[in-house]
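Multiple structures follow.
Two complexes are shown next, each including chain A; its partner changes from chain B in the first to chain C in the second.
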Partner chain A sequence: MKIFSFIFYDIKRLFGHGKTAFLAVFSPIPVIIMFAVFLAPMIVSEKGLAVSGAVLNEDDSEMVKQLMNLTINYEIDRGNLSMYPVKTTEIGKKLVSDGKVAVFLYVPAETYITTMSGEKVTIDFYYAPSHAFEALIFEEGIKSSLSVFGQGIRAVYVAADIAKRHGLSDEDFYRIWNDGVNDLIDIYIHRGRTIGKDGMFLFGGSYHFRYMVALLFTACAFFSSFPIMYLTSLDLSETFKKRSISDKRLFAYFISRIISGAVLIMFAFLIMFPVARLIKQIKFNFALSVLAGVVLLSFTFSSLAVLIGSIFKKGQSALWAGLYFGTVSMVGVTFLSDKTGLPLPVTFFMRISPFRAGVSIFSNAMYTLMTERYVMDMLVLLGAFVVFFIAGFVIYRKRSAL
Partner chain B sequence: MIEAKGLVKKYGNFTAVDNLSLTLEKGEGVALLGINGSGKSTLLGMLAMILKPDAGEVTVDGLKGKKAKAKIAYVPQDIVLFEELTVMENLYAWSSLKGKANVERAEYLVNELEMDSFKRKRIDRLSGGQRRRANLAAGLMGDFDYLLLDEPLAGIDAYGGECIEKLLKREKERGCAMIITEHNPTIILPLMDRSIKLERGRFVE
Partner chain C sequence: MNYFSIFKGRTRALFTDFTSLAIIITAVGVSIFISQSSKTEVIQSIPIELVNEDEGYLGERLADILSAEEGFEFNLDSYEEAVKAVAENRAQGLIVIPEDFSQKIWDGNYESLIKLNVMADSYEMKAFTERVINDVIKVWSEVLIEKRLHEYGNLEEPDYEEYRKEVAEIWKGESLLDVNTIMMTENKSEDKEEATYFGIRWYAVFAMFYLCISGTWMCNYSGTSLLKRVSGRGGNISLLFIFQSAPGVLVSILGFIPVLITSGHPHPLKVFLAFIFYICSAAAFALMTCSLSGKFSNLVLAAPILTMAASLISGLLCELPDWAAVWDLFSCILPGHWYFNSIFDKPFFIGSVIITVMWFAIGLFTSWIAGIKKRRG
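Then we have the complex of A and B:
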């Protein structure tokens, strides 16, 4: 029998567990729909994300006013934001609780002076749980803007402080400080807009949104590999153990399992993408790159599932192990991948993680293809596939043999 | 000839098979009798080389390892089939896993074991007796000179028992040697040349 027959039978077996296969392939649909419904304001808006908010700026300083104008008015002009100034925090909070705005932004008094002293500035965000995602996007957008701006302020502060230590008068210190901040606002931020396609402030086509979509796709793809783990574990503990099979045929069946597993995962992708198109922010600007990523990620997750299934003697243990491993990996990717200063082993594992590479490939190739990053991520996936394949077969063979 | 020397198998402190030696000549039929827990299945598993003995060795026609294993067909007591596939698909798949797909052999076994009415049904939709027959057929796919059967009649009705008896007769007529374990030896004994009784991992008769 040719390997194609093995693949055919194995696909039939994987899909033969009706409920399990159904869950594996179709479970991403409600997840994606929930995601889409959560982003309902964006779906109905032709312009993209439209967040409505209220703002109370109690800092009278010209610098903060300018910064708020630049940050917020720019997004209002782009149609991403509707902003209502309010007079008290009570009114702002009431607008949020009444569902009239998604988020209320409160800038306390003397924020600018606080920045001058080098202390940490706290800006408060209030939002209703029903608008949590919009609020998150708004908050992230503001924070990313302030983070860029804050870095510039720190640089100005350090420079002015050095000059002060060299005999600069207080009057000159504040003049340099103010000029520096003005320059930051007028030149640095505007230059950022010129450089970036979407400007410095990423509300509409924001990275975190892309990131969450990519994370959702990768997580669903991994969880759709569970029937592969279960069936592999079952085969090795029951079926193959009790009948004599030659090494050559066993290898053929092993390859068939990986191929049929990849087909199962790709099938899940096939369902995911059209459903995900409900969310208008999902793009396929580089469809071929996305497709290549889907294929390689499917094979990598399939070989990982076979490896996990080979390690555990009971199908349920394999599933639990897969669930924990997948969850830990996803949580790691979600919360650690953008962090710096992590311990070296964690940094290393993040770098070689197929989960991180998968998320990175989708967030990259669906929107703006950065070739170097894409190639690196594909190489990570390829390397992971080779490692899982070899380790998987060694254990698979050992478990099925005498 | 299958030759087993000094086979020992222990599960913790319990000795399932205690220093047993056995030979099975070509074309010979041996009934392995004994109550539950006497060590029949463990001994058969070691002879089939799917269980590793703690001591002793098994050779088949002077060969060891994979080459020896290839000469043996083993039908375990448990149902070892792909539940999601049909009977025919199982027969093709298992013959392929043992060597190459043998359509004629599959058809022959379907006829001999009277499985025509359910050969296109998935295993998980068959009755217990039908599954047993399919399990036996899957074990008999491929080329072999020695047949080891672990309680093939368990859960089989009288008609199914007749089918199996008929099939085993034919296998023996073509020169296949066999060892069969069984609680109830009434059907099996007339087919066999001799019988051995096991008790607590040792031969008693």
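Then we have the complex of A and C:
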């Protein structure tokens, strides 16, 4: 039997393994759909993250009016925001409670005069827990930028005060003050341009969305490898135990299993990509870099599955090991991969984790590609593949000889 | 029929099967950690590479301001080293301050003052760009205001030094304009840090998963000789299921006690009662999952998905969005919905009782159907 016949035969076995292969290939679909439905408003919106809100501005000063108009109108024009003016705080709060708007912004009276006199003013930002996702991203932007604006006003105050000590007239003092605040507004409305982007808020609002898509893809790909573990363990405990097989033939079986396993995982990807793409706003590039990542990740997970399947005599134990390995890896990537101050072995394992590399490849290659990171992640996957392949074959051979 | 010996046998099997028992032990640890960590502020640092190529002094000023940002650790490096660090996953972002940074700011040219490269493989990076922009804005504001002072013309270098020093303190301190974030729940406004009880919510998710994944005995429940023996001796199938499931349910309840205590919930007894109903329904849900799976290789794929779906729709994993009103309605048939209600002081008792009975019937019915199918096969 030639190697291609082996592969073809093994693919038939793997796919013909009843419900298991079917579940492995199609299980990502409900997961992606659930994920998509949960983020429905963000996904179905033409403009991505859209926040609906109510606003009550009780400060009638021109400066605050101008600031609010500039801030809000700009985001409305970009389709990120729809704002409705309300007459009382009660109406605003009720709109949030009833779920009619996601946020309510309340600017108290004399905000400008109070800050001018050097006192602190607090703007209230109400949001509904059910809209926490988009509301808190918006809040993060508005809070940090308003906070800097407030600090800027203090800086203007300090400058004007120093100048006044050196004989600045009241008229000039107010001129410096007003010019300074105007400068601040000018800076404020162009803040995005400092990094070469338009707009005021919501920069980076989609980072964690990209990250979740990448995490989901990698996790689903790993769980698709479960039938490979199970079948490998069964083969070694039953078929290969009963008759002696030459090394050459055994190697052909081993290679075929890894290739057919990779094909199974790639099938899961083939299903994941169109399903994810059908959902609006899950925009990503299906570039050659992604394709190369898919192929290498499939081979790495396939060789890992064969290794796990070879180690455990019982198919059930192999599945348990796979489940634990997958869960620990996922938790590690989610909570630890970006942290400092971890014990050295944890940091090292996170760096060489194929799971981490997989997530990084997708979050990087499907969006803005940073070549250096991509190449390094591919090398990590390649290294992991080689290690799993060699270790897998050594154990595979040993188990079958028994 | 000695159901107690069935109970004893299953208990022994459960405690010797460490692979599945480890799930509930981990669940207790993780849930307690979640309960505790939501009460205390955890400071974590994400490494960021910073390259300062600025020929003026403002690049250094920006580096100083950035280093005060909480939650991020900025490492000043050469461009090559910085790129290497990001590539090797030793850093999650790269900020390059170009050589003309100071010049551009003094000239009033605000286009692309810095270069920013953010890796999107960390959840914490969502607010990073905003913070970097704000810090650039700080440097820019500082210079613009200083230029106004220069226009006045009466000041000397020590005055400018005094200005820069005071402004540096301002950037470190409080703002005059702050935003107070308030979460609204049913016409009540609550502080953002209000308890969400994720510990007891997520424990319930883990417990359901544990019952599903440790239920391999249920996969072949309909076809085993045990069932035949019990039927042959005139035993009751429902009682058999109850006594077989009881050890898993008890282990889950025992694990729940420390999680509930550490959660700090104001009405622990009420939540405990709701959890008992929840876990009984979850056992029946596990029977359905296991019967449909048929074997462990299928169960290991189906259990995480079904548990996640049931928990997500019930609102246990995270708050249900209000546009998903259909989900909320649908989740009434799921045990998690009523348990969730009990945590947030909503009516739960009658619903829990009805749902427990309903799931018990669904579980037994599915198992019966699976048994018929298996026998025909």
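By definition in this document, the second predicted complex is superposed on the first by the 246 of 402 C-alpha atoms of A that agree within 3 Å, B and C clash if a C-alpha of one lies under 4 Å from a C-alpha of the other, contacts with A are read in each partner's own complex, and residues count from 1 in each chain.
By definition in this document, a residue touches a chain if its C-beta (ideal position, glycine included) is under 8 Å from a C-beta of that chain, and two chains touch if they have at least 3 such contacts.
These numbers were taken from a predicted model, which means no experiment stands behind them.
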Note to self: After the superposition on A, what does A:Ser246 contact: first (chain B), second (chain C), both or neither?
What the structure shows: first
Checklist line | Which partner, chain B or chain C, touches more chain A residues | finding: C
Next item on the list: For A:Lys398, decide between first (touching chain B), second (touching chain C), both and neither.
Entry: neither
Next item on the list: Kindly classify A:Arg13 by the partners it touches after superposition: chain B alone (first), chain C alone (second), both, or neither?
Entry: first
Note to self: Output check: A:Glu238 vs chain B and chain C. Expected answer is one of first, second, both, neither. What do you get?
What the structure shows: first
Next item on the list: Jot down the residues of chain A that show up as touching in both complexes, chain B in one and chain C in the other.
Entry: 17
Margin query: Residue numbers of chain C touching chain A in their complex, please.
Written below: 19-20, 22, 44-47, 73, 83-84, 86-90, 92, 110-134, 136-138, 140-142, 144-146, 148-149, 152, 154-155, 159, 162-163, 166-167, 170-171, 173-187, 189, 213, 216, 293-298, 300-302, 304-305, 308-309, 312, 319-324, 327
Item checked: Interface residues, chain A side, partner chain C - complex -> 17-20, 23-24, 27, 30-31, 34, 37-38, 40-41, 93-94, 96-97, 99, 104, 111, 115, 118-133, 136-137, 139-156, 158-159, 162-163, 166-168, 172, 176, 179-180, 183-184, 187-188, 190-196, 201, 203-208, 210-211, 214, 223, 226-227, 230, 315-317, 319-320, 322-324, 334, 337-341, 350-351, 356, 359-360, 363-364, 367-368, 370, 372-373, 375-377
Next item on the list: Would you pull the chain B residues touching chain A in the complex into a rising list?
Entry: 48-52, 66, 69-70, 72, 74, 76, 78, 80-85, 89, 92-101, 122, 138-139
Notebook entry, point to check: Which part of chain A faces chain B closely enough to touch in the complex?
Noted result: 1, 5-6, 9, 12-13, 16-17, 238-239, 241-247, 249-250, 253, 402
